[in-house]
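The same subunit A turns up in both complexes below, where it pairs with subunit B and then with subunit C.
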Partner chain A sequence: MNSRKTINSIFKNAVRLSFIFCAGILVFLFGTIIWKGSAAISLDFLTKPTENFGAAGGIVHQITGSLLMILTTAIISFPIALGTAIYRSEYLKNPRSQNMADTLIFSLNGIPSIIFGIFGLIFFVNILGTGVSWFVGSIILAMMILPTLVLSAYQSVNSVPSIYRESALALGMTKWKVISTVLLPKGINGAITGLLIGIARAIGETAPIMFIATAFSGVQFPTTLLQPVSALPTHILSLAQQATNPAALQNAWGTSMVLVILVVLFSTSGLLVRLRFQKK
Partner chain B sequence: MIQEVNSELKDSSVVTKLEAPVLNVSGLDVFINKTNILKDINLQVPRNQITCIIGPSGSGKSTLIRSINRINDDVLGYEKQGDIHFQNASIFKKNIDVASLRKNIGMVFQKPCVFPKSIAENVLFGIQHSKKLSKIEKAEIVEKQLKAAALWDEVSQRLDQRGSSLSIGQQQRLCISRTLAMEPQVILLDEPTSSLDPVSSRAIEKMMLDLKEQYTIVFVTHNIQQAKRIADRVVFMCEGEIIEQGTTNEIFTKSKHPKTRSYLVDEYCDC
Partner chain C sequence: MSKLTGKIGKSYVLTSIIISAIVIVLVFIILVGNSWQAVSNLGWNLFSLRWNAPTGEFGILSMCYGTAIVTLIALLLAVPLGIMTAIFTSEMLPSKLRIPVKSLLELLAGIPSIIYGLIGIAFFAIWLQDLFQLQSGRTILTAGFLLAIMILPTIITLVDDALHNIPKQYQEASMGLGLYKYEIIKNTLLPIAKADIYGAILLAFGRALGETMAVMLVIGSIDKIPSPFFNVLSPGQTITSKLGREIAETSFGSVHFSAMIFMGLILFTLVFIITLFSQRANKKRIRLYE
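Our next item is the complex of A and B:
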């Protein structure tokens, strides 16, 4: 009896410890970034362009560049992901093709982000001759986050109980009507959640965009699709390379803090959207 | 020999008196994943009557009525042989419009399924996709069909509340009124009262008796007493076969088959 209680309490404390460890990492990370970064943050830092390779001036073009790429990524990936999820859930009935589709989606998810970067460089920049372009960067990021969106949307479309499909079909509705009026409203919830998770990941990615979409200095807000932008993660990379200069290092912390805040914003808004949809 | 001819004559005269059946199932065999679920089903459903299909669970009652509106088409591994005619046309004909078939053959399921919308929108859910309706027409349909499903008095003051706020029994009547709004010829009901309390069940039974004036009803139930109360004709199924069918009186008072008799008495089928 006693030993059972002991085992119980050992187990309970062990899982509690893992939780504390996990939360501790997060608190330590956020704490450091805020502590080091807030010294760099000022209104000028957020609204002025970069000077002296980042050691002076602000990061306004990095912020707008990242946001522009991310929004475009969302617009490209969202409909494709929703379509794929619906096709996988509602039209692929044969177990073999279902397996094949899943394998494809998981393989796409497993591709390291640097491979996307190299692919973009070879296919778009070299073969298609687009040059370094923020739009190509958005396309590549959209490919990269596609599996996250597809899986999230698929799970929510597929979890709609089949009685809803049958009830709608039994009322003489066509498959398209059933999908658009019954399944999409339910599936869109998961797709948006997936989108915000995917975007939170994509905005921090450096490897896929550093060769194909961004330039480190002398960049303005783009006026065409085929111009480079500056982005937050690649800016942090270039500042880190000048770490011997204390001013550059401080700006690297400041830029990191802005990036982390943006990621947190996307994640929490994802949560809020989800809660609103659940209430409806 | 003469007797046989006589009985055939008698049968055919009964059929002509009842006019042609609305539904005619002939030699239907259904396989799901190569398992023979329905075996040589022959069944005629006469107009404006309640045909009750009874039998133990697993006897193929649901599979049979789910074949009639082709909702089983999407079931993985579904195959069929034989034919079903609805108003003298095969429902399995190539290039038939399955959606419009289902507008004519409505279905109510075992578990009520209301859509996450208001009560009024639930009534209109199917019909508004097949017809353009004015606001006035919509209000008329909602009132008429909720009255037909004996729900109007309970919900008339809260039509814009969510359908899911109703009790299960009310939700099932909402599902019935949604089906009635399509103005089908036939209504298939797959154990519609099995998840309901006795009061709601009786309300639905009473409703069925009113509705048969206008509709042809096929009602699947495993509740023998319920069949006795509402059925005009009874079909007894066991292990995927129709063991016996006839008028309610024939089945309950002078059933010919020992399996039927034992099921009616013990609710148990030794097939």
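Our next item is the complex of A and C:
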């Protein structure tokens, strides 16, 4: 009897300790980023171009480069994801092809980001001969976040009760009319949520874009589709490799904080959008 | 008119799904096509220990070993810690606090991997170096430790969901038998949630295999299996860190390049198989209790 009680209390304390440990990791990571980052951030840092390979100057071109890339990523992936979700929900009826579509989407979701990077390097940069280009980076990022958007849009299209579809069909609407007036608005809500979450992930990715879309320094705002840009995550990479230089390291923390703020901004707005649509 | 828009609409959704399908097939074809040169030139020599580009030796075993050991360390650390933390958030935390606390822990998943790498070289590598009196703190253990933190939120969230989704009457019935919390969790909740926990671990496993940036910065990048092989306090190399470090300096079309892509293909295939398994684990979830 007594040993049962002892085991129980040991267990409870072990569980409590693991939680405290995880909470400690969380506090340590965010504390470090905020503490180290805020020392580096100033108005000049956010608005001046990079000097001396990142050890001096600011990161304005990295910020604009990252934003430009994810904006394009959003424009590319949104319509494709919406269409895929509607097709999966409304046109695929037999379980076997539904299963196949799911497997496809989940496998795409599982592909490691570095694989997208080398795929882009071979297919776009070498075979199609685009060279290092921000636009190619956007295409690759769009491929990467596609499953997130598709799943989110699919869930909301699929959550429309069948009775809506049946009533609309009974009114004599064509199938596409039903989709465009009843299902599409719902699907768009889901796709927006997925898009914000996907973008929060895409903006922090380094591996897919480092060979194909970015140059480390001396890059201005691009004027054509086929130019490299600088981006926040690849900038952190190049600064991290000069970690022995304290000035470079400090700017790496500053860049990290800007990046984390952007990620948190996109993911919380995704969360808020989801909550708002759920209430409706 | 409406017939026309209907046609346009249908061809739009059809095109979308075809594009999605083409993407994954294209990735696979490109990987296979470009690794062919290495396979036909080197054959079984690919599975040897020496990687030396100037002499034309491209043995990938050291990198495979690195990936395996780093992933193993990460899972050994993160799985027990993650499951225990999930038990806390799902079963011991007041239910009002569960969602806020969980969302905070999920923030960990949002930190980009390059920032984990930065924290790894600025802190963990230095701590390990001082602790074990090493020449350099960039070791296999550092990478495994960092990776464990990165996959922790995946495990916590999914296991917490799995435990939370179990209907309350199971707990109530067990409580009625006079069982302690530990006994309820061990004998009632964990067996029911087993399939979901298995799925969560597989998902974390897949993520750990493919993680690049953080591992690349802290692992030390030496293409060797340490001696003795379990000496995790020495530098190593994973498939992903090798690809990240070297592919940009390798000329397209050479055997060297092709051998690198072959490693990518192995990684892709592994992750693909794991994804299939985790999907099956999710589907087999027996809804006995509904």
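A few remarks follow.
Just so it is clear, the second predicted complex is superposed on the first by the 246 of 280 C-alpha atoms of A that agree within 3 Å, B and C clash if a C-alpha of one lies under 4 Å from a C-alpha of the other, contacts with A are read in each partner's own complex, and residues count from 1 in each chain.
One rule holds in what follows: a residue touches a chain if its C-beta (ideal position, glycine included) is under 8 Å from a C-beta of that chain, and two chains touch if they have at least 3 such contacts.
If you're wondering where the values come from, they're calculated on a predicted model, not measured in any experiment.
Superposition of the two structures on subunit A leaves subunit B and subunit C fitting side by side, clash-free. When the two complexes are superposed, the chain touching more residues of subunit A, out of subunit B and subunit C, is C. When the shared chain is aligned, subunit C comes close enough to touch A:Leu26, but subunit B does not. When the two complexes are overlaid on their common chain A, residue A:Thr174 makes contact with subunit B and with subunit C alike.
In the overlay built on the shared chain, the residue A:Lys93 is in contact with subunit B alone; subunit C does not reach it. By the document's definition of touching, of the two partners only subunit B reaches A:Tyr164; subunit C does not.
Vectors from the Cα centre of subunit A to those of subunit B and subunit C enclose 100° in the overlay, to the nearest 10.
In the overlay built on the shared chain, the residue A:Ile7 is in contact with subunit C alone; subunit B does not reach it. Nearest C-alpha atoms belonging to subunit B and subunit C sit 9 Å apart in the superposition, given in whole angstrom. Once both structures are placed on chain A, subunit A residues 174, 177 are touched by subunit B and, in the other complex, by subunit C.
Across the interface of their complex, subunit A is touched by residues 69, 71, 74, 76, 99-103, 106-107, 109, 111, 113, 115-116, 125-127, 129-130, 175, 178-179, 182 of subunit B. Every residue of subunit A that touches subunit C in the complex is listed here, in rising order: 4-5, 7-8, 11-12, 14-16, 18-19, 21-23, 25-26, 29-30, 32-33, 79-84, 86-88, 90-91, 101-119, 121-123, 126, 143, 146, 150, 174-177, 179-180, 200-201, 203-207, 210-211, 233, 236-237, 240-241, 243, 249, 252-253, 256, 259-260, 263-264, 267, 271.
In the complex of the two chains, the subunit A residues touching subunit B come out as 93, 161, 163-174, 177, 181-182, 185, 280. Within the complex formed with subunit A, the residues of subunit C that make contact are 2-3, 5-7, 9-10, 12-17, 19-21, 23-24, 26-27, 30-31, 34, 80-81, 84-85, 87-89, 92, 103-105, 107-108, 110-115, 117-119, 121-123, 149, 152, 156, 180-183, 185, 206, 209-213, 217, 240, 243-244, 247-248, 252, 260-261, 264, 267-268, 271-272, 274-276, 279.
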